[in-house]
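What follows is a pair of complexes built around chain A, which joins chain B in one and chain C in the other.
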Partner chain A sequence: MKRNTMSYKVQLFCMFAGAASVLFLAVVIIPFIYGIYLTLTSWDGIAKTKPFVGLANYVEAFKDVAYWQALGRTAIYSIFAVILINIVAFALAYLVTSGIKGQNFFRAGFFVPNLIGGIVLGYVWKFVFNRAFVAIASAIARGTVPSPLSTTTGAMVCLVLVSVWQFAGYMMLIYVAGFMSVSDALKEAAMIDGCTPAQAMWNVTIPLMRASFVQCIFLSITRCFVIYDVNLSLTKGEPFNTSVMAAMHVYNTAFTYKKYGLGQAEALILFAVCAIVGVTQVYIGKKGEVAA
Partner chain B sequence: MRKQFKKAAAAAFAVVLAAGVLAGCGGSSDSGSGAAEGATNITIFNSKMEIQDKLEEKAAQYSEEKGVGVEIYYSSDTVAAHLATRYSSNEPYTISMVDAKDVYALAEEHALDLSDQDWVANTTQAISVNGKVYGFPVCVEARGIIYNADAIKNVTGEDFDPTSIKTTEDFQAICDKLIAGGMASPTGVMKEDWSLAGHFMAEVYEQHDDPDAFIAGIKDGSIKLAEDKKYNEMLDTFDVLRANNYAKDAAISAEREVTEQKLAEGEIAFMFGGNWDWSVINAYDYSENMGMMPVPNNSGDGSNEKMVGGGSKYFFIDNSENTTPEQQQAAKDFLSWLANDPEGQAFVVNDCALVPAFSNNTLDVADPLGKSVKAYADAGALIGNYNYLPDDHYSIVGASMQKYLAGEIDRAGLADEITAYWATAEVGAH
Partner chain C sequence: MTQNEQAARKKKIMHVVMWIVLLVLFIVFIAPFILVVINVFKTKGDITADPLSLIGAHGFTLKNFPEAMKKMNFWLVFMNSAIITISATVLTILVSAMASFVIVRNQKWTACALLFGAMVASMVIPFQVLMVPLVSVYGGTLGVLNHRLTLILMHVGFSVSMATFMFHGAIHTNIPLELEEAAYIDGCTRWQTFWKIVFPLLKPTIATVAIIDAMAFWNDYLLPSLILTKKNLYTIPIATQAFYGTYSTDIGLVMAALLLAMAPILILYVFLQKYIVEGVTSGAVKG
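Then we have the complex of A and B:
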């Protein structure tokens, strides 16, 4: 059989990747393109007609102050959350690879929050902040201490905390793999050459784990930018709509306020922002990667 | 030969996997009940979560007795968003339960004209668009102050007469009396945006003789909201609620369930709400004598003797080619069974504990809040709902009301924010 013909290659592709490609096309690419088309209409989400309005939705999206506030808020939230998630995850990974007793148990324990769905997690933490925190803090302060969820900054801090708690375990696994991939011989060599453990960590282990950092930061950035479930169940945008993140604003615009075209246009802008930030970060991160 | 077989097997395997994935996507978690083979089958979309179980039970029984398969579906999604997905997949429900504003938005395109139905004459709450009846009112709901008469009696030692509370001063006086008698905080305020803006602030519009003109006045600046008589009178009463709120130190983190539990158990005596709150209150150890009264105010225009409310949740029948004439007929039969058949009437009132919207349904309402509402409705003391507020009103004005509730802005600031909202918002077509 000739292996160099077009038909052979097509056959081969169809056999291995055909089904996956069809599915990917059907559930991602086509809806995405159709979504772009919907941004050009003033569809309300349910009417039979989808009046074509050109770029009016984009103009309106750029004028939508609440949307840009939500996007700015999401960016601030993401900066804090991404930094904290990665610091905590790295520290946890260091801890559970350092050979302490029962480290497998700890690994499982730290990972568990990630297995709980965001909605459930939000409600659990809402209870913690609204009841447990209030009860304990009020007892200590001998007066009524309001729930942190009732203040603007408090709600944002709570969101960051819960996200860190949720994602740190997952990122920890990637860092654990990173730690394991760095050969002990290299660290030992560094120590013999006179490095302190801290210097060995900073100059040998961390540079070799660069791939893990790139991956974790990419994952945490993209996840934080599109946060919705925890946002919905923990704060629901309250107080005074000051904890509405970009994804929630998009959902509200498209479905609750029945401006589907506008919501879709805002979603596309969110996608673009998210993609630009993510890709830039990966590009910068990859550039300096070293191979062991 | 062997290779060919392997290839075919691999291809077949891939197809099976793909089919599995697709089947997984198509699966739905809808709960249906008893569709009869061969007979006409209709689907009903329910958006009132608290009656889902009763509705499923009744549908099974109805299917058996009438030979018409009835399947009930429920979704916790936004009603319009959920229906949109059904319409875009050409699978509309035969009958859909929606909110009043959805009827105005959907009726002309999607709903069947029900003007010729015999129940139309027995209700004042049906929704018509351009002279055609499209919406079948499921029940009547109204807003007012919910009170716990037992809790009040325990403190004051006197029977509570809700009709004695007419003005803001009356309301303030009873609160003071309760505090003097040992009740720490007599009121609760729900911080939910739909309650604050969708229900309380909406009363400011609705209590005007012509809400359309009032809103138009705010829009064009001819009415200064901050100086509006009704606005200030209603907020005076709101201030009494706010000042006596058990959660006034952290009004924004008060949870609805906790507030209703306190009301049910008599720890507080008053809360602004509606008869739908009964579905929350009855989950707790509630007091025997509870009820609803109009929001007291100093307007002197009689609005303090009327509740605000009317039809709530509407059924409409799909008119698209996806629904056959037989299905449409079966759907009409089902609606007229609900309105006219003694069994259907009993289902609405006894099983679902709703206040009926039809004058020929004279059964006694079971829950105390519903009883109050029915008494006011029967006496003609209901101010109609204003069903044309924009979809984002409750959320955006709600946020402003929350700021007012938390004391972050004053009355003038609130008026400014609401006026700013109306500068760009448009009321729904009607």
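Then we have the complex of A and C:
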């Protein structure tokens, strides 16, 4: 067999990686490049022609007040959600690795929300907020209390709560792996040197788990920034479009208002913001990493 | 009491406290599901009157289920979801394991380096950036929407980079080149070597990829909702969304529909819980 000829290489590559390459190109690379071209047109999604408009869509995107409001809202939501997700996940991971009876059962239980899609979760919580919460709150207040989803702040708080509940179990698993990777000998050595358990945690375990923090924060930022499913089912942007997140705004611009070019430009801006925040976080996080 | 006994007692108390905290958190975590379960057996009026009571004033009822199943077309959408999830998962595994094999063993080839680099870089692209061009190419220009096969291939295309990345790591670190060389000396072709030697050794990674991707495909809403717009092609998340849009006031039916939508994966979780948690952990830590 001639191992070094070009035709052999091409044959081998196509045989093994052909299908993967074709699908990957067709679904990811070509749409990505074509999407950049679409931002330069004012296509309405139906017409045969795609009028070229240059950078007009970007100008319009920068002038689109509703878009920047949605983006700002997404940023505020993400800050709260990311911080809470990681605090809750870390606490859960600490509790389920402390050697308590039934810790595997708890670990499996906290993961349950991740099994179910955002659409279904959103509706489940909508019921909880609209019916169960109202029933409890009304009983306590001895009067009718409106659903938290009916106020602007309430809807945002609900979105944060549901996201924390949804993602904490997943991040918990990463933190659990982080806890397991820190050897007990190091903690014992610190304790022998006079550390309290809290000091050992703060000065030994947490610095060694830095990689887990970087990863969890990155994952939660990138997920929160493009939240869509829960947004759609839990609040649908209501009340009065004050809980429309960036991803939903992009969807509406493109598919509801048929401004494909503008919608795509706004999606690219969202991607850029998300990527910059995520990469900066990883860069800062990795810089101070300590090797065990 | 000696100091040791005192310390042991303190530790025991700590454990009890922690256990109670965990239990409370656990109940908070599963409370929404419990609420759905208790309300699904009540009539619409009883749920509105008191969503927290265990049994409604009109007693226990099962009639929400058959009606929700019929209106949601449950078995049809369940089959759609199952066909799409299973085919896309199997295809993703086959296609990416093969691709990663040629990439790992021929790292100096430009095509391999290029493909792998593009795949790794593409993992940061959110779906929102691709959805508009995807719909305009496959809906407008090619007109292949509303086919299960289109969705299956798209699922594969989107997940192939992550899966290839994971298989790449597994082959790179766990499969010694000597093993393959021995197979070549014994007369195996590359194709045979891959299927007879390499692929069977990838079992743990196959399980991880299968679990992660199957869950993602089963629960995905946005992509299927853009590709499948005909009622008879709906998957469970789309059908749930459509159902809620039509029957949101009939809260008993909504409860049944939500429980039906969650049931398949929850039942599977009861049996495969250990594998799912392990699979997701190894996937998350490596990815």
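Following the convention adopted for this analysis, the second predicted complex is superposed on the first by the 269 of 292 C-alpha atoms of A that agree within 3 Å, B and C clash if a C-alpha of one lies under 4 Å from a C-alpha of the other, contacts with A are read in each partner's own complex, and residues count from 1 in each chain.
Note that in this section a residue touches a chain if its C-beta (ideal position, glycine included) is under 8 Å from a C-beta of that chain, and two chains touch if they have at least 3 such contacts.
Given the structure is predicted, the values throughout are model-derived calculations rather than measurements.
With the two structures aligned on chain A, chain B clashes with chain C. In the superposition on chain A, contact of A:Phe240 is made with chain B only, not with chain C.
When both complexes are overlaid on chain A, the residue A:Val96 reaches chain C alone and has no touch with chain B. When both complexes are overlaid on chain A, the residue A:Ala61 reaches neither chain B nor chain C. Shared-chain residue A:Val27: touches chain B and chain C both. Of the two partners, chain B and chain C, it is C that touches more residues of chain A. Of the two partner chains placed around the shared chain by superposition, chain B and chain C are both touched by A:Met15.
Once the two complexes are overlaid on the shared chain, A:Ala70 sits clear of chain B and of chain C alike.
Of the two partner chains placed by the overlay, only chain B lies in contact with A:Leu149; chain C stays clear of it.
Of the two partner chains placed by the overlay, only chain B lies in contact with A:Tyr257; chain C stays clear of it. Legend: residue contacts after superposition of the two complexes on their common chain; A:Val128 is shown touching chain C, with no touch to chain B. Annotation: chain A residues 15, 19, 23, 27, 45, 255 touch chain B in one complex and chain C in the other. By the touch rule above, chain A contacts chain C in their complex via residues 9, 12-13, 15-17, 19-21, 23-24, 26-32, 34-35, 38, 43, 45, 92, 95-96, 98-102, 104, 106-120, 123-125, 127-128, 131-132, 135-136, 165, 169-170, 173-174, 176-177, 215, 219, 222, 225-226, 228-229, 232-233, 247, 250-251, 254-255, 260, 263-264, 267-268, 270-271, 274-275, 278. Note for the complex: chain C touches chain A at residues 15, 18-19, 21-22, 25-26, 29-33, 35-36, 39, 47-48, 50-52, 95-96, 98-99, 101-103, 106, 109, 111-112, 115, 118-119, 122, 124-137, 140, 153-154, 156-158, 160-161, 164, 190-191, 194, 215, 218-222, 226, 236-237, 240-241, 244, 251, 254-255, 258, 261-262, 265-266, 269, 273-274, 276-277, 280-281, 284-285. Taken together, the chain A residues at the contact with chain B in this complex read 15, 18-19, 22-23, 27, 44-48, 66, 130, 134, 144, 146-147, 149-150, 237-242, 252, 255-258. Across the complex, chain A is touched by residues 7, 10-11, 14-15, 17-18, 21-22, 25, 78, 80-81, 83-84, 87, 105-106, 109-110, 191, 193, 249-253, 255, 390-392, 395-396, 398-400, 402-403, 406, 408 of chain B.
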